[in-house]
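What follows is a pair of complexes built around chain A, which joins chain B in one and chain C in the other.
Right, the complex of A and B next:
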């Protein structure tokens, strides 16, 4: 089993871990992965990957427009609003 | 020196599909609306909202499949590409990863005087993201989600391109095809077609180097600049004893330089997995076959037709097929008139396109004037008016100032093509010219030009030059 890079995982999960908790979470994740790794005992070399348990195919709609929500609806949950924009802390690449 | 270096380029081209509604929501797919006008709770990533596939996007992807020689896959799967950025609030982009809708296509592009086949690895459907505006406020970014969920077809080439010019030709050809089959408006300024350039360098004949990806280029000029800059940058690093780091680059349009994105202590990990909200796309052969007739004539078909059936020169035919609307205008004129296609083509790429350019018009805006245009061309080719008079009347016809025949009368531009009348004028013009006549008969051709000029002047410029020439020769040879 590969090692857990807890800094990277917390970065990807947008979680800030206090340094003293890093080892604890690292070990917990290792245990979880070890448990999931039980699945590797099953021989799947002759099994097609299954993406979905139903036999159904995707639901489709025709290419037609309908406006269901107003700008005010959409912005009603915005943390902050400036005119008709969402206003968020600056994120620049 | 960059002489023994070569560049190896692969492209990811993002084409916005011109459907009416978005890929997974029925919000309008429209550029230029007020901020957040075209957004619903699906687009804004509200919890509990479910995406529903727009079949129009599948149809456009299939059309593209036919046009770019792809294998059209009956089975494709939408997956989540996880990343966090405020202009995509659902926290992941819905895209296709392991099972794209199209695979293994190609197009032929021009490279110098030759054709070159550029292989295309895949094309898949995915959602576009919104737009962040960073320059209104020093501390905040302003987010407009109108573009969220706009359908994109990402077309991924193999690294078969080896110069900036080839890249430009490849993108132009793609753009032209997508516009012909009516799946993308091709408007690069508005971001309807954008390219990511993957570039590496190597000494000729050696193995592939480490590549850098330049993101999100949306004009031919910037693409060329970015490629040339990045090529030199990588050579300089290696020549200086360094190594290329695999990086995502941004092109700074104000300096003309590429720079690494302020990244990322960690490389991206998108953690793709099949989107549980969306079942696999399973198409029947009938569904795929049904789209084929909708593809229509492709640029190459039109080019061959214009050269073979209408006898056009290749260069002129190419100008006309460059954009579908040009070709449509040309074919409309041919179908409505008996003027020779070659004659129509010459006027179209000459004075008519010049008029369109000068007045900043859409080619389509002339679609309702084709009858007047060909009526005018008929007058010119029948020698009712001179070429010069035609040029004078054309702008008035294109501006809708009147019918060609009326304008000719109004402006008194009708040519004198009555040989009796011309003979009289010519005979008068030859009076007292015995010396010059002898010169002509002695072999001086220059005198002929003098006589034609004199006669034309006598007709106040309205004499039919061809006829004047003919009668003059008869008279002079006596």
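Right, the complex of A and C next:
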């Protein structure tokens, strides 16, 4: 197991860990990754990955128009909205 | 003993109690128990039209299957117009505009929701201590240290405590790696995790989509069948929802088996377990042997890899599912100068420690350079685990295991994550295989705390699984 770059991982997850907690999460992550490392020894050279455990085919339905989610419904939980849009700080200069 | 759904329905039909009186009785209990098992309780006024409609149906002599029954709903199910928080700060102000498929079925069958049950944040935990709204207290006390507050288990800890304390007749939970069965066991009630794909995940706040499954927590096995009859239906909105023909789980539930039944006990599960836990297995074995059921030793080859597989796959899926919480479309937004700052601040301040930890694990095992070694390898080992179960279930009809490796422990007792994760050692393998599992109370520990056993059945064979559990329940039932 190589060292864990906690800054990179938290950036990937869009989290800004407070500096005083970086070590806490870094150590915790190291312990857990070390704990799950035993999987590497399992021979899976002839095994396919399992995605959907029941492996049933997806059901097909008719493509019928139905009414759901009005604009007001969708925006009703928005922290900030402007007319029919979610409002965020300016992203282009 | 608490009243079962069929007993309550009988009292309602015979007009010994009205729907409103019934609701008030449970509501008073929900408000007076101080176990923090609800994030939100719904006053009678806000349910009055459902209560009156239900009473009308009883008066007209055509009640629905769950008519008037007060249910607790884990705060992970979206409930239209009712705050749904996943016990997280980031969703603490979220009011869904739609009803989850499962809760809609329960409403269609006449049940009335008494409130939203506290749970671990985003269902990540085994003790209900990660909730933003504080821990749930197990209604049971250790007879040798009465003052200690114990955990109810998790993540459906509030759902389990609410049923155990008597503030709802039954409750809905979700189970990803044991989150229905483990708290049911620690609170002395019944918890059923149906086969993956039985009950739609639509409208349930997602944790790990290849594992999440809804199921009931109840006072008795028959009640679990009542709830399962309502919620076990195909749904086009969940692409993993199976469209097989469902059965009536109440029919034959109290009948004995027509064929000879063989149950496997995995001996590797019982190495290094306490006497208390061994007793549960022995008692169950003795009780069912009287009914001509045969027990055999079975051996899994993959048990030691189950927790590792789970703690790669579940955080990976969680990390991906929880990417949607960005402070833009719903949930709590924290201020920031730029769009990126809003994302970072909202997520960092909105998620608790355990959720943050799991997002980080997930991001790590999915990141470039590690994906094949961890995530893909875990998906392959998951197939080996599934094959292992299928091999065993070719030899036996059911598998019997303890539900938990220990009784309820003190709040604050287990601080390091790995020792907490080991609580799910007996439930995680079943979840990975996608099989149905039910935990029923099997006896008390030396400290007077409830313990449970788990029966595991084959895919979509909940009917015979419930039949077996009902039989065992009759033999093992104990009073508080």
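Everything below uses one rule, namely that the second predicted complex is superposed on the first by the 89 of 93 C-alpha atoms of A that agree within 3 Å, B and C clash if a C-alpha of one lies under 4 Å from a C-alpha of the other, contacts with A are read in each partner's own complex, and residues count from 1 in each chain.
FYI, a residue touches a chain if its C-beta (ideal position, glycine included) is under 8 Å from a C-beta of that chain, and two chains touch if they have at least 3 such contacts.
Treat the numbers as computed from the prediction; the structure is a model and nothing was measured.
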item	value
Touched partner set for A:88, first chain B, second chain C, both or neither	both
First, second, both or neither for A:58, with chain B first and chain C second	both
First (chain B), second (chain C), both or neither touched by A:19	neither
First (chain B), second (chain C), both or neither touched by A:47	second
First, second, both or neither for A:38, with chain B first and chain C second	second
Partner, of chain C and chain B, that touches more residues belonging to chain A	C
Partner chain(s) touched by A:67 [first = chain B, second = chain C, both, neither]	first
Partner chain in contact with A:79 - chain B first, chain C second, else both or neither	second
Those residues of chain A which chain B touches in one complex and chain C touches in the other	8, 12, 14, 51-52, 54, 56, 58-59, 61, 68-69, 73-74, 77, 80, 86, 88-89, 91
Of chain B, residues touching chain A in the complex	19-21, 26-28, 34-41, 44, 46, 52-58, 77-78, 84-86, 132-134, 136-145, 250, 261-262, 265-266, 269, 271, 274, 278-282
Residues on chain A engaged by chain B in the complex (per definition of touch)	8, 11-12, 14, 51-52, 54, 56-69, 71, 73-75, 77, 80, 82-93
Touching residues on chain C, where the partner in the complex is chain A	93-95, 97-98, 195-197, 210, 234, 236, 239-244, 304-305, 308-309, 311-312, 319, 323, 326-333, 336-339, 342-345, 347-348, 351, 356-357, 359-365, 367, 373-374, 376-384, 386, 416-418, 432-434, 459
In the complex, chain A residues that touch chain C	4, 6, 8-10, 12-18, 25, 28-29, 31-33, 35-40, 42, 44, 47-54, 56, 58-59, 61, 68-69, 73-74, 76-80, 86, 88-89, 91
